[in-house]
Amino acid sequence: MTRFPVPEVPELPEDIQDRIESETEQAGFTPNVFLAFAYKPAQFRAFFDYYDGIIENSALSREEIELTIVATSGANDCLYCVVAHGALLRIYGDDPHLAEQVATNPRTAAIPDMHRDLCLFAEKLTTDPATVDDSDLETLREHGYTDEEIWDVAAITSLFNLSNRMAHIADMRPNKEFYTLGR
Amino acid sequence: MTRFPVPEVPELPEDIQDRIESETEQAGFTPNVFLAFAYKPAQFRAFFDYYDGIIENSALSREEIELTIVATSGANDCLYCVVAHGALLRIYGDDPHLAEQVATNPRTAAIPDMHRDLCLFAEKLTTDPATVDDSDLETLREHGYTDEEIWDVAAITSLFNLSNRMAHIADMRPNKEFYTLGR
Amino acid sequence: MTRFPVPEVPELPEDIQDRIESETEQAGFTPNVFLAFAYKPAQFRAFFDYYDGIIENSALSREEIELTIVATSGANDCLYCVVAHGALLRIYGDDPHLAEQVATNPRTAAIPDMHRDLCLFAEKLTTDPATVDDSDLETLREHGYTDEEIWDVAAITSLFNLSNRMAHIADMRPNKEFYTLGR
Amino acid sequence: MTRFPVPEVPELPEDIQDRIESETEQAGFTPNVFLAFAYKPAQFRAFFDYYDGIIENSALSREEIELTIVATSGANDCLYCVVAHGALLRIYGDDPHLAEQVATNPRTAAIPDMHRDLCLFAEKLTTDPATVDDSDLETLREHGYTDEEIWDVAAITSLFNLSNRMAHIADMRPNKEFYTLGR
Amino acid sequence: MTRFPVPEVPELPEDIQDRIESETEQAGFTPNVFLAFAYKPAQFRAFFDYYDGIIENSALSREEIELTIVATSGANDCLYCVVAHGALLRIYGDDPHLAEQVATNPRTAAIPDMHRDLCLFAEKLTTDPATVDDSDLETLREHGYTDEEIWDVAAITSLFNLSNRMAHIADMRPNKEFYTLGR
Amino acid sequence: MTRFPVPEVPELPEDIQDRIESETEQAGFTPNVFLAFAYKPAQFRAFFDYYDGIIENSALSREEIELTIVATSGANDCLYCVVAHGALLRIYGDDPHLAEQVATNPRTAAIPDMHRDLCLFAEKLTTDPATVDDSDLETLREHGYTDEEIWDVAAITSLFNLSNRMAHIADMRPNKEFYTLGR
């Protein structure tokens, strides 16, 4: 993060130190997004609560969640999220080639049609939200997505429209580990 | 909200009922956004924690926060947020004509230049996030905004890029009271 | 009007003084557009003749005319016309909430489908005129609009594509009365 | 005009017949725009009054007026106006190559810088009216254009934003004579 | 060509001198594109080999090839190619009015539907290549175009997306002869 | 390549078989672009002659050439070129993280300013060619690029505007080897 001071972990509130520690243990390194958002502890908590709230309560598979995130972040040209969630997409999708395919253009990705339409829904809600209409929801329903799952796709897309913009402003850079994870 | 079921308040978790009750008391009516987000309690909590986290900890004035929200929501053509936060902008800006001016085009609003540039920063981060660069932050700094305030402007803009998209998907409609509040 | 001198009414040609007087009597104040266009009397006469020529000879209802104007002006981000014709839309549509709904996004306005498609036709002819084709006219015909009415919708949209641009250049600001008329 | 009935000249109001006759005499043929607009006599009168009002009272040269019209019509992809006013531009600009140059891209036209900036002003007011600001007017002033001339450039641009849209809707086709006039 | 030095023909490699000589004989003048590309002989050879390779081996008619080129170049606002290939389109299409019609807007050109869809395919592949999909190819197939012809339409469109950009950078200006050829 | 038949190598003209063989030896696999373009031998030869002609005769470093290609292909959302030339960029730039950075957004890539401006020049010439002007060339000159090098940057950008479109139409998919080369 080049534009704002990166806080020292030991000076952060305890709950935030705990979260950072647990993420670091799990990943083997501290993803930069945790240090960046810690600049404002209240926003840190709300952001990760939002993310956890979707992931822990959703009928969507984790692969579908990461597809949505990478399609959204690709449409917003957000390097941090393309690289960090690209790694998660490779892992949860169990396919070392998915990240570049979905981030560059979901239309030419080697994914099933229901996943392609999921990505295109995220792309449209990202780039032209005011024109999303019933026919867009209908397309997802025809693939078998329930209304609750559609809400969650929209919620993830919306959350990463927040996250992509914060990453741009903070100029967050992906940890080098993300580039190779899951390849 | 026409596309998803609106939950019955008495069936909601207690903390959410409490929040809805306190908002209803304060406003004299229940803003629809609280009922809509209650469809997913974890997302409800995270969204309002984010909003509270910015408002309660920011050096920005409440008028500046609402200017940022209305400029963002105008750029995204989001009816709910334009009308609901337009009302708050009239109140906190103490000017019955501000809402239409900022939502339609900050360039022709009767506001000081530092507020106009605040709105144009929010507009650019909304419509073309990947091209925001140091010169955009510099413009705000020249008006006296600190880096921490700039972070908060970006955080509000980003949060309403989330909120505007959820309002579109859920097809949230503003309560009729918002149209006249503060005129 | 901040960019060009506003003419003194008593120095204007008599027919223009008469028109301004009659508008002032009817509205209770002098709408700024009359003072602005009076800068060039020949253009003043032609502009209002055009407007009168459509309104007096059209099978469209006055509500439909104002819907078309507000949708067009919203698409062009024109403050003067959004506020002034927003007031007329509230009055002729007999609905205090129509203006913000149509100016922000006709897709989420509480209007019948035939009016929504009228607004979307105006929006397309405004933002992407070269791609309007037979299918767009057909959509209006299916709602029962005659070809002569479709011509008039196009004529109003076109006239306000003129008017919105003059309002931008002249930096016309709406009279404060328009903000509350019809609420 | 393929989408609306073309009126029979002898059935038109006398003043309109007179205007059509005088145009026909002057050009050697009847430009189709006169027949198309005659579909609605009140709009016919207002449109040509507007045009006459600018041309007869402007300090702009006729070449500058036609440059503005062709730049505007090129930006709107309007065939009728590109071809008909392209012919007038060749004549008033006394240059058989001007029409294609200005309609395709004023940046690469062989015209003086003050004319190029005139065309780019018309292009910006056409494609992105809400962002035209003082700096755009200043550019024209630096070339020596008076504020009254700038108003007229804006008025012509605005009138052809009306005219281009009516030509699209009516599907007006240029008379074959226009293609070769002035070459 | 105003931005790069124009090479002296006698100093060019012999094969390039030969090609220029033969083009000059055929046209009666030396089209400027040959002098411009000769700035880099290897690129000159490759560019014209590409062009020859399509024209000499394609089942498309020469009129269809020039329609594709003019539609592409119109979408890219490229003066050199609009004027030079506009002349070829008039000749091969045997119609003195085709060039302005196709360059300005294929939707309003007096051409058969199969040619209009050919032009709109070129336009879409030019302005929004990432969204071209099977349905676009299907539209051409329904007019009877074979897959090999569709490849060639795409190849011509792609080649002129190269050529239009080189013409912009080199600031190539059309020879005056092209403006009148074929009228 | 899913939309057109992939030719059998032994049935191709000998010079094309030779080229494919030599590429296969060098890379250890046959890059799909060679099989795809072989569908039309004359276009195959011209395309690779163009590419070779730039690479073999340019004062630009091979890293600068690949930066230009990846920036162009990222702007056009072209999967094949992003992945295949992303691999070459990692190799020639000797940096395993360059590909995602440049393809996603050159503004946030960890590259020197002269390379960033090179990429942004390619991006502008790709997405908005008609507005590239002298100031864009001047920016590159200020970094020390000669006019001949600027021509080559433009030539590479233009060639990949051809190539990206052919890859879209042919639906070329990158060989799996490219995803990991140079990491």
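A, B, C, D, E and F label the chains in the order they appear, each numbered from 1.
Basically, a contact is a pair of C-beta atoms (placed from the backbone, for glycine too) under 8 Å apart; a residue touches a chain by one contact, two chains touch by 3 or more.
Keep in mind that what you see is a predicted model, and the values were worked out from it rather than measured.
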Reaching chain F from chain C through chains that touch each other, fewest steps: 2
Chain pair equivalent in interface to A-F, over half of contacts matched, among D-E, B-F or C-D: D-E
Residue-number overlap at the chain C/chain D interface, same or different (half cut): same
Chain centre separation (chain B, chain D; CA means) in Å: 43
Distance between the centres, which are taken as Cα means, of chain B and chain A, whole angstrom: 23
Whole-Å gap between the CA centroids of chain B and chain C: 29
Interface hub residues of chain B, defined as touching at least two other chains: 77-78, 105, 130, 168
Chains that touch, pairwise: A-B, A-C, A-E, A-F, B-C, B-D, B-F, C-D, C-E, D-E, D-F, E-F
Footprint of chain E on chain F - complex, ascending: 3-4, 39-40, 42-43, 45-47, 49-50, 52-54, 56-57, 76-78, 125-126, 129-130, 132, 134, 137, 147, 150-152, 154-155, 157-159, 161-166, 168-170
Contact footprint of chain E on chain A as seen in their complex: 105, 107
List of chain D residues in touch with chain E within their complex: 74, 77-79, 82-83, 86, 96-97, 100-101, 103-105, 108-110, 168, 171, 173, 176, 179-180, 183
Contact set on chain E toward chain A in their complex: 130-131, 133
